[in-house]
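The following pair of complexes shares a single chain, chain A, combined with chain B in the former and chain C in the latter.
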Partner chain A sequence: MNGSTRVRRQLPSSPWLFAAPGLLVIGAFVLHPFVSTVVNAFTDRRTLVPGEFVGLDNFRELIHDDMFWIGLRNSTLYVVGVVPALVVLPLLLALLVQKNIPGITFFRSAFYTPVVASIVVVGLIWVWLLDERGLVNALLETVGVGRVGFLSDQWLLLLSAMTVTVWKGLGYYMIIYLAALANVPRELHEAAAVDGAGPVRRFLAVTVPAVRSTMVLVAALSSVAAFKVFSEVYLLAGPSGGPAGEDTTLVMLVQRTGTGLSGRVGYASAISVVVFVVTVALMLLVLRADRREES
Partner chain B sequence: MSVLEKARPGAAPAPPAARRSRVSDEHGRRVRAWELALRYLLLLGVLALTVGPFLWQLSTSLKGPTEDIFSSPPTFLPGDPTLHNYERVAETIPVWDYALNSLKVAAANVVTNCVGSALAGYALARLRYRGRRAATLAFVLAMLVPVEGIIIAQFTTMRELGLNNTLVGVVLPGCISALNVLLMRNAFLNLPYEIEDAAFVDGANVWQRFWRIALPSVKGTLAVVAIFAFMGAWDDFLWPLIVLSDPSKFTLTIGLNYLHGTFANDERLVAAGTIIAVAPLIALFACLQRYFFRGVGEGAVKG
Partner chain C sequence: MRISRRVLAAAAVIAVLPLSACGSGGDDGGSADASGKIEGDITFQTWNLRANFKPYFEGLIAEFEKQYPGTDVKWIDQPAEGYADKISADAAGGTLPDVVNVSPDLVAPLAKAGLALDLDKAARQYKKEYLPGAWAGHQIPGMSGTYAFPWYLNTGPLFYNKSLFDKAGLDPDQPPKTYDELFTAALRIAEKTDGEVATLANVPTIEDFGRYGVPLMNKEGTGFTFNDAKGVELLTKYKELYDAKALDPQALTATPESSGKKFLTGAVAMNPGSALDLGNFKKQAPNLYKNIGITDQITSTGHVNMYVMGVMVNAQTERKPAAVAFAHFVTDAEHQMSFAKQVAIFPSTAGSLDDPYFTQEDGTDETRVRVAAAQSLKTAVNYTPVLFSEQMKTELRNAVARALQGKESPKEALDNAVKACDRLLQQQG
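For the complex of A and B:
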């Protein structure tokens, strides 16, 4: 023990030299932009105009902005649609690839491929799959269902984007669940089996309670990510957000209003503040629900 | 698709019946034949869903101009495979320049993240000084800030620095990520002090202890940081979309989106472009996957 105190004794300046590059980068490009986003939200700043303090004007304007409500609706729907699927499906997938049977490493890595592929590639592949003349429609026509306008209908488009998000996220959350499943005591399963519980019963009575905290983590991560969705919808619906912009999400709105030479930085910052508040609220909600269930 | 090619021999989807007596689960119990068959059936089903779309894209990219890519029922195998579409992508957009831009950005991101987060992680985990807790807190807070929300302020910061529309501007905001710093910090925290103590007694200074002793012991985490940094930079879409406006500076993701917008009518071209973008990543992942799954697993268990 006395040895370790020796190592901890340092020259006065060197520790800061070690930490300086990191602190500089996150200070300049994360913490400072965060503070200025909050400050800008109360100004009428534009890309080329410094802007002045306008109090709550931006937020008052938001309330009367139809596009904002459309964005808020779509981002919220996204959470509702995507999160349950991302909590349940990767767990089932993890159970499927958990057992060490021949070739299982191949399947594990193959299921991870959509995570590795960049979102633009994924988006373009799915646009082609769901296109009016794409693979899915060709298959549907072959079996006699007829073609479906996945990318032209407002709601089907949103649903398609959600499918893409779930498809791309499966492998990522599967890995998280795999790590959690590895820590489930085997004795519990064996005891339940001795008591005559079938696989479904054992899943509900043993596996689910054992990985519950991981499910909460996945719910928290995926709901925050879903609320901030940008790329999937942008790529499937186009920059303008689908028919009449009805598929615009909040982050798409931030990108659209805040960039370019005439970008309304202040107004976009106000939308960003709403995004911060909702994501923090989502996290607290998930964690709170978890604590209540536990007690 | 090299991941498939390489992993195929290990897959050995032999008929379950023949393996009945061989296959056992992790407690050494025999797995029943019907259960095994069902498992492989499900695994193949999920495989088709996860990898199928990539194969369909690959197949589309290899189909010639005379071949009907809209046929119903669809044909998976190109009748007369050709690399013509890959040549045409390069004629339509400077796809290799875009790939080079992406590579520069990704390489820079790997170097800065590995060096920066190793240094900062070491300072947070191993060095004693006033303000260490404040420094740690700064990184934790930075990790919690959603990138999507601060992107406009990052954009104005870049404008003020005169770095808009440059690759440096693309790299800077993520060049040392707070998450990576904290990953490195955890890795250094888990090292025993004794070895460093011995080096200290031998007269090694901070830098020597960091470089010769601590850093080589956390190679696994460093590899994970490198992979995350590469994938993150190679895949990023929103930030380069905002910061880059000059088509000659585009990274591959932005360039592909542009390709899609301009030539949406020729799916073969878009397909060839996407294969160019995804192939290096799949190859990288195939080479490093063992490291990767181990590293991620360790992190998850410890966290």
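For the complex of A and C:
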């Protein structure tokens, strides 16, 4: 067998060999946990007890679990409250910082700072701000409004957590929009201006259609992230999930149910499966809406 | 060489399969025989102690290794936050250290899973060295045996802000001694300050119910009973406080840390604590320290609440003699006493609390608190049932919050909490 034949014979398998390390990593750290979660969802497994197959029992129990419905409600509300803001506000912010004027880098960096800040630090700062004796309440008191229970009222707490999520996410999506805006042909704006379109008209008729696919991407990314929210609510509402657990989200419920020495891993896995199904459905919904609009 | 898809799939499965063994705990506890030569490498895990007590533990380990040549103790310290999660990950993954610092509620699931060594079998000879109540602290209802050496105990007084008492027209030198006096004082402070100052910042926990005299669990350890008339009475009184703003509005989401901060800033008039806190007050809130009042924990039972720490031996350790010897070494009278002199904790060894260090005051607040606490520890009770898991704490907390918000009556809320906790108890097995 000469050398060229050997090379030729090795060729069909070599892509697999190159892919093997990646496949192993994906298998071990993505596929295996995913499959384990799905399998566990049909067992009564606990942290220290392997458990047995229980069929759909965990899912039946979910239907009767008030806390699950509270979690589903809050996670859904989070999507409804956060996604529109994260689709629109970063675009407006990107338009503001798009122009290359002196000192604009400072503003871009400033708007991006919350993205790189640790969520724990961000949470602590917002807790100080929104506390009954925090800065925001001091200001409200000064103007005669009186103290507001941002961290003690169920709905205000959820709204506060949404505000933190939007505040922290603005810079990230702004960068995505900046990249998209850079690709909008200048001639279109010029042509629209020649036709007498003002800035608002140009934004609606030129900019928005040009960045529409980016808006869809932002909507998809932010809706998945919003449905899986944990840190912001956990930091503001505390480990119990707000007063009487009324601000618990689904991922918080997974954490609370499935961790610790007495954790119900099987039940928490069942909730995780629901979260997975809903997030996939959300993605499909956004993409389908986009396709319909395109057609 | 051509690799078939089947071979690739098999290789991937083989690579991934070992991971599926994770979390398959529940093995039998193994032999409880700890006799044999004390030698070999062992690991020792503490709970957030390295930052302040590194020299103490390094000295302790060096002393042990010197006393038992051929032993090598590797010390691991874990942060306080998420300690139970770290232990559960180790227990599920089969990497639990040989000797572990635990609290009774952490021991219970580990003992049930066969991961905690029964010291009544493996180390019975040491039992007499400890206070009987402390030794019993790591026994699990429904199981025979004792599953950890008692280590340090802690309890503490109730601190109050004398200036806030004064402002409300209450005698700052006559703090409340009974629950009735506490509730009356709290309503008075709220009324006089127009709801600006709350007296308490935490909702009642299971220990509070215990201190109030509520029976928490049946004798067999198979069901909770804190929904009895006394429990309902306590929750009804807390509801009155909440409505009158005598209980901080953020109490429903408060943690001990956040309520401690409120006390430091003068937003709250009373807060439970320990002798450790006095140093914090002095450093972080000198003005509060000048006005600090110290009174005994309020109980209807005559027994204050105590927290018990233990040192557990991993039942599956391959170095049982060394692990048991080291766990005993850490918790023996001499070492507990030297540890107690470094930090405001109390030894669980018999006779140690009679040491002059715990019986003689020198006129300072620190010694006053220490002596009073040591005295009360002789009859103190760990009210938290060892089977009361984190999930159960959340159920109770949420039920209390629903009652305080008026969404459920105190009776309904406690009935629901008991039902939920009983269900979790059954699921624990």
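Keep this in mind: the second predicted complex is superposed on the first by the 270 of 295 C-alpha atoms of A that agree within 3 Å, B and C clash if a C-alpha of one lies under 4 Å from a C-alpha of the other, contacts with A are read in each partner's own complex, and residues count from 1 in each chain.
Rule of thumb we're sticking to: a residue touches a chain if its C-beta (ideal position, glycine included) is under 8 Å from a C-beta of that chain, and two chains touch if they have at least 3 such contacts.
What you see is a predicted model; the values in this text were computed from it and never measured.
Judged by the touch definition given at the top, the superposed model places A:G149 against chain C, while chain B stays out of reach.
When the two structures are aligned on the shared chain, A:S240 is found in touch with chain C, with no touch to chain B. Of the two partner chains, neither chain B nor chain C is touched by A:T207. The partner of chain A that touches more of its residues, comparing chain B with chain C, is B.
Contacts of A:N58 after superposition: neither chain B nor chain C is touched. By the document's definition of touching, both partners, chain B and chain C, reach A:V265. After overlaying the two complexes on the shared chain, residue contacts for A:R133 are found with chain B and with chain C alike. When the two complexes are overlaid on their common chain A, residue A:L31 makes contact with chain B and with chain C alike.
In the superposition on chain A, A:T47 contacts both chain B and chain C.
Once the two complexes are overlaid on the shared chain, A:L23 sits against chain B and chain C alike. When both complexes are aligned on chain A by C-alpha atoms, chain A residues 9-10, 12, 16, 23, 27-28, 31-32, 36, 47, 131, 133, 259, 263, 265 touch chain B in the first and chain C in the second. By the touch rule above, chain A contacts chain B in their complex via residues 3-4, 6-12, 14-16, 18-19, 21-23, 25-34, 36-37, 40, 47, 93, 96-97, 99-114, 116-121, 124-129, 131, 133, 135, 138-139, 141-142, 167, 170-171, 175-176, 178-180, 182-183, 186, 224, 228, 230-231, 235, 251, 254-255, 258-259, 263, 265, 268-269, 272-273, 275-276, 279.
In the complex of the two chains, the chain A residues touching chain C come out as 9-10, 12-13, 16-17, 20, 23-24, 27-28, 31-32, 36, 44-50, 131-133, 149, 151-152, 157, 237-240, 242-245, 256-257, 259-265. Residues of chain C touching chain A in their complex: 1-3, 8, 11-12, 15-16, 19-20, 23-26, 84-85, 87-88, 91-92, 106, 108-110, 112-113, 115, 248-250, 252-255, 258, 265, 267, 389-391, 394, 397-399, 401-402, 405, 407, 424, 427-429. Listing the residues of chain B that touch chain A in their complex gives 3-4, 7-8, 10-14, 19, 23, 25-27, 31, 36, 39-40, 42-43, 46-47, 49-51, 53-54, 56-57, 60, 70-74, 115-117, 119-120, 122-124, 126-129, 131-132, 135, 138-139, 141-142, 145-146, 148-157, 159, 172-176, 178, 181, 193-194, 196-197, 200-201, 205-207, 209-210, 231, 234-235, 237-238, 241-242, 253-254, 256-257, 260, 267, 270-271, 273-274, 277-278, 281-282, 285-286, 289, 293, 296-297, 300-301.
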